[in-house]
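Common to both upcoming complexes is chain A, partnered first by chain B, then by chain C.
Moving on to the complex of A and B:
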C-alpha cells in the first residue's frame, strides 16, 4: 500500500519553479529520506503534502486523500515537525502539548510526551526560553501525539546536539516499528542514511533519483569500496595497487588507504600485490561508499 | 467545533499572558476610577453629572478607558495575530494541525476577544465596585446594555485587527493600517465630520440651523465603530442618541440647550421620527458590519493564499 504519492507535482512562485514535476511514492511503514541541499524544494514539497501550500500543477495524496481538496483529512492522519518554526509565545512546553492533545482528541498526558523527548524537567518553563534544540524536541513531541499514521519531519536534526540526534533516530526507529510511515527531509546525509529504508534525492526542485540506500550506491561509477591498513610505506602500496584492474581511485591517509573500484576485488589479489618482506597488510575490509559521495555526484557543488 | 474551541483556548492563554494587556488594564482602571467619569476635572459640571446620572456615573466612567485603552489593547492583540505568527514561524505549529482556515480565523478572533473581555472585565468590575460604594448601584438595565455594547465594540475591533492580520503579507503593513485606524477613529474622523468643515463644504451651518438636519452628516459620525459605540453607550446610560463621550454630551447639551443644534444629540435636532440609520439600534448593525465585512474579505484572501512559504 502506498502512503504518500505525488504525480507530476509542481510549484511555482512568481515564475520560479520550486518543485518541478515530482512524482514519488512512499510505501506504508517505510522511512523515506528526502535528501537535497538547502533550496532544493524539500520544504515546499512537504508543505504541499500537508495541504499548507497549493501546488501549481500535478497532484499529491496521503493515504488516498487529496492534499488540495481534503487537507483536513490529511492533517488528521499526519504528525508534522515543520522546518524553521517558532514556539507559541508565552506558553509553557506543557501547554503546547495540551493544545495538540486536545486537537487530536488524544487521552495521553503531556508529561509522557515531554519525557520521551527529554523535556520532562522543563515542562513548566516557557518554551520561548528553551534552547533551539529543546524547541526542536518540543515540536517533535507535538508531532508524535496521537500516534499518527504518517510522520513528516522537515529538517528534524537541525539544532539537535549529538544526544538529541541519537534520541531522534531512536524515536524514528520506534515509530517505524509501530507501523508509521515516516518522511524525513534533510540536507544532513549521515543522519538520513542511518534512519531511512528508502531515499530520494531532490535537486533544484526535481527528484533526480530514488531507491534504497544500497540501490543508490550501486549507481556510482565505482560502487565498491575497501579500506586497507598496512604496516608501513603506504606510498609504495598506492603505486602497487594501481596495477590492479578495476581500481579507479586510491586515497591515502597515513597507513590507511581507501580504494574505489568499478568491480569487486579479491582480497587474495590485494595481498599478493601489496605484501612483501617490508610491507604487511593489517586489515583489508569492504566498506560502504558514503552517501555524501552519491549526493555530490548528483547535485555537485550545490550541496 | 472541538478543535475550534481548543485553538481559541490556546489563543486566549497566549493573549492573556501578554504583559501589555495588563499594563493597559491598569491605566484603564485608574482612568475609570479617578478621572474622566468624575468629570475630567471640570469642577462645576461634576456636581451636575452626579446629579443627572446618579449611580450610572460609574457606567459613564468606563467610556474613555474602553474607547482609548481597551480598543488599543484589542487592536494590539489582534493585528499581529496571524501575520506576526506567520512571520515568526509559530503559525506553522498551528497550521500542521487539523484546523480549517475558517477555524483558524474564528478561533483567533474568539480567543483574543475573550482575553480583551477578561482584562476589561477586571477593570470594569473594579470600577463598578468602587462606584457602588460611592454612588450606589447603577440601573440594572443600563448596566447590562453598557456591558453588552462594550463587549460588542471590543469584539468588532478584534475582528477588524484579525482581518487585517490575515489579509496582509507583512507585519509593517498591518501595523500601518491599524495605527491609521486607531488615530482615524479617535481623532481624524471627528475632525473630518465636524460641522465646521461640513459648513465649509456645503454652505450649511449645522450648528445654528433648524430641523431637519443633515442625515448624512449625523450618520457619518456614527458609521465608524467608535461613533456607533458612543451611540450605544449614551443610549444605555440615558444621555441620549448621541456620538461623543457621555460626559461631554451631557455637559454640552445642558450648557447650550436647544439653541445650538448639538452635533451629537439627534433628538434635539430632528423632527418627529428618525431615519432608520440614526436609530440607536442601527449602531449595533454598524458594529456587526465592521466586524463581519473585513473578516469575510480576509477569509477570502486567507483561503486563497499558501499558509506557509
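Moving on to the complex of A and C:
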C-alpha cells in the first residue's frame, strides 16, 4: 500500500520552478529519506504534503487523501515536524503538548511525550526560553501525539546535539516498529542513511533517483568497496592491487587501503596478489560505499 | 488577565468609567439615571475598545506567519477557518472580561450615585458593548490575517485608525460635492448616512437609542447639551429629516456593527485560505 504519493507535482514562485514534476511514492511502514542540498525543494515538497503550500500543478495524496482538497483528513493522519518553525510565545512546553493533545482529541499525558524527547525536567519552563535543540525536541514531541499513521519530519536533525540526534534516530526506529510511515528530509546524509529504508534524491526541484540505499549504491560506477588492512608497506600494496582488473580506485591511509571496484573481488585473489614474506594482510572486509559519495555523484557541485 | 496589554486596558477602562460617570453628573437634572449610566458607558468605551481590540488582535496571525509559529498550528488537524475563528474568539473573549466587569462596576456605582436604572436597557447596552468588542477584534483579526508580516499589520492598523476612526466624520464632508453632483436633492442625507457607517458611529447610534437620547450618531453628551444643538452634528436628525426614515433607525447601527464584524474578516480569510505558508 502506498502511504504518500505525488504525481507530476510542481510548484512555481513568480516564474521560478521550485518543485519540478516530482512523482514519488512512499510505501506504508517505510522510512523514506528525502535527500538534497539546501534549496533543492525538499521543504516546499513537504509543505505541499502538509497543506501549507498549494501546488502549481500535479497532485499529492496521503493515504489516498488529496492534500489540496482534503487537507484536514491528511493532517488527521500526519504528525509533522516542520522546518523553520517557532514555538508559541509565553507557553510552557507542557502547554504546547496540551494544545496538540486537545486538538487531536487524544487522551495521553503531556509528560509522557516530553519525557520521551528528554524534556521532562523542562516541562514547566516557557518554551521561548528553550535552546534551539530543545525547541526541536518539543516540536518532535508534538508531532508524535496521537500515534499518527504518517510522520513528516523536515530537517529534524537541525539544531540537535549528538545526544539529540541519537534520541531522534531511536524514536524514528520505534515509530517504524509501531507501523508508522516516516518521511524525513535532510541534507545531513549520515543521519538519513542510518534511519532510511528508502531514499529519494532531490536536486533543483527534480527527483533524480529513488530506491533503497543499496539500490542507489549499486548505480555508482564503482559500487563495490573493500577495506584492506596490511602489516606494512601500504604503498607497495597499492601498486600490486593495480594489477587486478575491475579495481577503479584505491585510497591509502596509513596501513589501511580503501578499494573501489566495478565488480566484486575475490578475497583469495587479493591475498594472492598482496601477500609475500614482507607483507601480511590483517583483514579484508567488504564495506558499503558512503551515501555522501552517491549524493555527490547525483547533485555534483550543487551540494 | 495574564497579558500585560489586557491589564493596562482594564486599568484605563476603570479610570475612564470613573471619570465619565462622575462627569455625567453634570446632566443629572436633565436626564434619567439610565441615560447617565449608558451615556458614561458609551463615552468610556467608544475609543478605548477600538484601540484595545486593535492593539490586541492586529498582530497574532501576521506575527506568527513571520516567526513561523503558525506552522505548528496549521500542521495540526484543524482548518484554517477554525484557526482564524479561534483567534478571534480568544482575543475578543480576553477583552470582554474586563469590559463586562467594568460595565457591572459602572452600573453599580451609577445606581448608587444617580438612582434606579432600567435593567433591560442596561442589559441590552452590555450586549451592545460585547458586540462592539467583537467588531473591533474582528477588524484587527482581518488586518492580521491579510498582512504577511507584523510590520504590515501595524501599518494597516494605523491606516484603519486614521481613516476608519479619526478622519471618518470628515469623509462624508469630503464626499459631499460628489454626492451633490449625483444626488442634488439627497446629498445632505447621504453625507449623514456615510458618517454613520463607521463602527464607532454605529455604536454611538445604538447606545444613544438605549440611553433614550434619540437616533443621533453624535456622542450622547453633545446631543443633550445646548451647545451641541448649534453645532452641525445630527442631534438634528429629527429636525432635519424626520424620525420615520428607515436609514436613521438605530437598528441600522446594529447592522453596521454586524457588517464590520463579518465582512472585513470574511474578505481577509479568503486571501488567507489559499495563501502559501512558506
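Basically, the second predicted complex is superposed on the first by the 303 of 303 C-alpha atoms of A that agree within 3 Å, B and C clash if a C-alpha of one lies under 4 Å from a C-alpha of the other, contacts with A are read in each partner's own complex, and residues count from 1 in each chain.
We take it that contacts are C-beta pairs under 8 Å (C-beta built on N, C-alpha and C of every residue); 3 or more make two chains touch, one makes a residue touch a chain.
These figures come from a predicted structure and were not determined experimentally.
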Looking at the superposed three-chain arrangement on chain A, would you call chain B and chain C a clash or a fit?
clash
Going by the contact rule set out at the top, does A:86 touch chain B (first), chain C (second), both, or neither?
both
Looking at the overlay, what does A:100 touch: chain B (first), chain C (second), both, or neither?
both
Kindly classify A:76 by the partners it touches after superposition: chain B alone (first), chain C alone (second), both, or neither?
both
Chain B versus chain C as contact partner of A:53, first or second or both or neither:
both
Once the two structures are superposed, pull the chain A residues common to the chain B and chain C interfaces.
13, 44, 47, 50, 52-54, 72, 75-76, 78, 80, 82, 84-90, 96, 100, 103-104, 139, 142
Tell me, which parts of chain A touch chain C in their complex?
13, 43-44, 47, 50-54, 72, 75-76, 78, 80, 82, 84-90, 96, 100, 103-104, 139, 142
Can you check the complex and tell me which residues of chain B touch chain A?
2-3, 6-7, 9-10, 13-14, 17-18, 88-90, 92-93, 95-100, 306-309
Would you mind writing out the residues of chain C in touch with chain A in their complex?
2, 64, 67-69, 71-72, 74-79, 274, 276-278
Which residues of chain A touch chain B once you look at their complex with the stated criterion?
13, 44, 47, 50, 52-54, 72, 75-76, 78, 80, 82, 84-91, 95-96, 99-100, 102-105, 139, 142-143
